[in-house]
Amino acid sequence: MNPTDCSNRIAEEAGRLLTEGTVDVVIGFEKGSLPMRSTPCFVRTPQDSGKLVWNSFCSSNLSRYLKQFPGKVGIVAKGCDTRALVELIKEKQVNRESLVVIGVPCRGMIDGAGVLERCDGKRVSDVEERDDELVITGDSFRITLARGDFLHPACRVCFTGNPVLFDVLIGEKVQEQARDCYHDVSDFESRSPGDRWAYIMSEMDRCIRCYACRNACPLCYCGECFADATRPQWVGRGATGTDTLAFHVMRSMHLAGRCVECGACRAACPTKVDIRTLNRKISSDIARLFDYRPGLRIDQPAPLSSFKPDDSEEFILER
Amino acid sequence: MDSSHDGWEPRIIAFLCNWCSYAGADLAGVGRLQYPASIRIIRVPCSGRISPFFILSAFRKGADGVLVSGCHPGDCHYISGNYSARRKFALLKGLLEHVGLEEGRVHFTWISASEGGKFADVIGRVTETVRGLGPANQLVGKQWRA
Amino acid sequence: MYYKTIKKNEVGRFLDGLLAEYTVVAPVRKNGVVGFDAIQSGEEAILDFSNTTASPKGVLMPQLETLLSARAGEEEAVEHTGMRKPVVLFGARPCDARAFMFLDRVFNDGIARDVYYGNRRDALLIVSLGCTRTRDTCFCTTTGGGPLSTQGSDAMLVEQGDGYTVHVITAGGAELMNSRGLSDAHEGVGEEIRKLALQITAEIDPPVDLSELKTSLDNSFDTAAWQTLTEKCLSCGVCTYLCPTCHCFDIADEDNIGVKVRNRIWDSCQFPGFTMQASGFNPRPTYRERHRQRIMHKFSYCDDNHHMTGCVGCGRCVLECPVNLDIRRVLGSFRGRNGG
Amino acid sequence: MTNPYMPVPMRVEKSAVETADGSIRTLTLSFARGEDGKAFSFLPGQFAELSLLGTGEAPFGIASSPEDSNLLDFTVSRVGLVTTELHNLKPGDTVGMRGSFGNGYPLEHLREKSILIVGGGFGFSTLRSFTGYALNPDIRRLYKDITVVYGARNPGLLLYRADLLEWEKRTDLRLEVTVDEADGEWTGRTGVVPAVVAGLDIDPRTTIALVCGPPGMIRFTLPALSELGLSPARVYLSLEMKMKCGIGKCGRCNIGGAYVCTDGPVFSLAELNKLPQEY
């Protein structure tokens, strides 16, 4: 389904829900103020539902906003958004009955910054999506690019483009990719510890501790984050290499078995720090050791709040 | 980095669960078993109580190695404390090594109240491993800038 | 004020010359992200970029700066205010250079001069890189700047053909550019640059009258619009930490491995803890109050306290906001509104 | 160039518990170095930052009067990291101090006026400084009559008992102490501060009110004061905000364009009404 039809269907659906009073607000996307950007919006009247759009630039995870709306809420959600929803419901943060999920099958979201770089700084006036191509027109230039080359890293390995949970589905389901086997993690681990440490520390060096990764993450909803606590103060608050690494390691541990790999953290990061390698290492271990993938089934207990007598002991100091 | 470090004594933080490993350490002491004086024991109710914060904080404050020891799975005084700890440590150890922390800085083991000998043996082996690595400097807090 | 020239392929060697006497901070590309960093050799610096992701304010306001320290047992604390080795910030855009003029007012005026900022500032020379192309997020002309504005710069490079015209502006600039083998620019180059400035300025959206905006902002503090305008804000620190004029900081102490330190670190008015009181009361509890504070501080309070708008229109917050909350749209919705 | 972030060393002379539950203590500090003492001056209503390097810094109103020798009182309520460490200080220990900061009470405006001092709980510290200052013989004659209304949630939380007893006996000062809830041996007045204020009869043309206390008390005291006929220009409030630098740089303690640490902490109600209601 092309973006325009998709947008219209979503707008109709939202209009219907608001007119019937089934929901008080619909959380979705509207056209952004910059090319290749869609921005979250909160529609409360049927007349406003016309501004809802859907295209390949809706990379924010809208589940992040659910806790801001206590009443009955409609939410436009792609695959990874619904996986975050499953975890939020499992953790009793969101009540399924007060939700109407408008599911939208997703073929992966595009990182506009990458496209802009390919236009080497020239201004872009219009972007048209045609199946697997992007037609970019700007002042005195027009180029066609392959969509697949500009997907967000998380979307390249995504196997849940279709919503795992929805009340209404917009358009047909997409062809899913094969289940992700974390080749990037095993490749990274084949490098020497010293080499890995150097890479990680050079990435951490770019982190400015702005916490966009934490604040964009749907599953980072603590009232006071450990990073801001002072009694005790677990993590140094300066952007020195070791304290930054400690923050990201601890945040990843807090997301162990919960992170649905929507990539919203990396998409939000202004200096594009590769924090996903930490979360993906844990996700790969959880898949391997506990045969669990976050955000797929509400009834499946979270791995760190359950156990099996014969869990792996590969890490134990040998006898 | 020569591995001998001429008599440098590593400082290792040992989180011992009160019901098994701490009792095992006690047994080693009562039995006059010799083991290096490199460890600083912190007693905790259960290995399940250990949070990754403790381990990272220990390194940040200058520890050269961290050992976490609890009851053998099935013996936990709180039934499932070490079971959930086991999953948490499996992930944490994997993650720390993934980012490139030197092998041999973090150790997890199960020592029961009757295994005084094993306790002394583990402390000896962990100390040798850490001594071989030399002072830790990866996760230590670097406070000020010029 | 006079002009010299330098060929593009000579810039590397010129910077090596500076490296002998100065620490040189220049734009570098690391893992695909352009940012400012101290360079070891001339050719690390890049000059083909639109603007860096983060602003160069870290040169005078590091994300972490130790103010005081004392080893265990030492009574007297060491003040880390030592005189700084001279620094050249090379390749900053005119908007960033102008931002330092604003930061100077914050840290030098008022009841006390910030000695840490002051010592670094006295040792800094700024060689800016004029803009010959602009982005759709640039609005420097609205805030009193311009693509080839010399405000805040000691010298400015303007790309012309296969080289740069070096516009030497201050005595400090002259000190940098003299006796470094740069030949003088041809006659009439000043006029050329003025024409070029007009041509580039035309690319940028026409400026907005900020004094009229300040009045309507002052009258709109309690309007309901703030709620809907800021609802999508994540309360992260991207806009404040990338911003060249945002200067708020926190003072955080630590006592680690026998060393007590008092560090100054960046802070953001968008973080809840910024105004959280020990009693638990927070005058700015949600994204609405906090985002309003950022807008009011930059476009109203700074005019009252520093007689300069707290924004230079670099557009970083527009470009990098994770949810595309565009400050120009927020401001636009208040223009011509008489409040209420 | 002086470093505004460098504290001067102070010696703890005394650390006295003020409240029954031990949650509030008053530290009495002296200057460890004579020259710091000479260079230091302050007005009632000003504050200073107490500093423990390695733990942190926090702002506290100066509770003693500028006229008392060279000793400074700071009343500290144990609520966090720094305040807990301050409570652990023993006589002879050293602690850092930066300041004095802020504008203090408007002494010029108070001349030839009657002064109504209204304080609640922990907020009474700088009002104690002013009262002590005003009761000095050569200063007392500058003012007409002085009324002090001071309340706390319960008798155990009343501060500065010794001063209260001494002020009770004075004829040139009317003291009204009240508690929200009485307990066993409390024989004094019971009732909230705003109620006591409402019961006063003052000449609004010649009286100025100085008010400091928790938000709840202020919310109900201000209407009571206006009922007595006091115009906003005659009511001064000392506000509490989170502060870090104390010198108007770190950007966090503003109400509108005014920084509480430099333009305040004392504002007239008239000034506050012109500022956004965000405090």
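Observations on the model:
Labels A, B, C and D are assigned to the chains in the order they are written; within every chain, residues are numbered from 1.
Basically, contacts are C-beta pairs under 8 Å (C-beta built on N, C-alpha and C of every residue); 3 or more make two chains touch, one makes a residue touch a chain.
The shown structure was predicted, so the numbers you read here are calculated from the model rather than taken from an experiment.
Set against one another, C-D and B-C show the most C-beta pairs in contact at C-D. When chain centres are taken as C-alpha averages, the shortest distance to the whole-protein C-alpha average belongs to C. Mean C-alpha positions place subunit C and subunit D at a centre distance of 39 Å. Between subunit B and subunit C, the centres computed from C-alpha atoms are 47 Å apart.
Separating the CA-averaged centres of subunit A and subunit D is a span of 50 Å. If you average the Cα atoms of subunit A and of subunit C, the two centres end up 31 Å apart. Counting partner chains per residue, subunit B shows two or more touched chains at residues 60, 140-141, 145. Shared contact sites, meaning residues of subunit D that touch two or more other chains, fall at 56, 80. Annotation for subunit C: residues 64, 250, 252, 254, 256, 261, 263 touch two or more other chains.
Chain-to-chain contact here is organised irregularly, matching neither a line nor a ring nor a star, and falling short of all pairs touching.
The part of subunit B that touches subunit A in the complex is made up of residues 52-53, 56-57, 60, 73-74, 80, 83-84, 86-103, 107-110, 122, 125-126, 138-142, 145. Taken together, the subunit D residues at the contact with subunit C in this complex read 1-7, 9, 51-58, 79-80, 83, 94, 96, 214-215, 240-242, 244-245, 247-254, 256-257, 259, 262, 276-279. Taken together, the subunit C residues at the contact with subunit A in this complex read 30-33, 35, 50, 53-54, 63-64, 133, 135-137, 228, 231-232, 234-238, 240-242, 250, 252, 254, 256, 263, 265-266, 268, 271-273, 318-320, 322-326, 328-329.
For subunit C in complex with subunit D, the touching residues are 67-68, 70, 75, 77, 79, 81, 106-107, 110-116, 118-119, 221-222, 247-255, 260-262, 267, 269, 274-279, 281, 283-284, 289, 293, 296-297, 300-301, 304-305.
Within the complex formed with subunit D, the subunit A residues making contact are 230-231.
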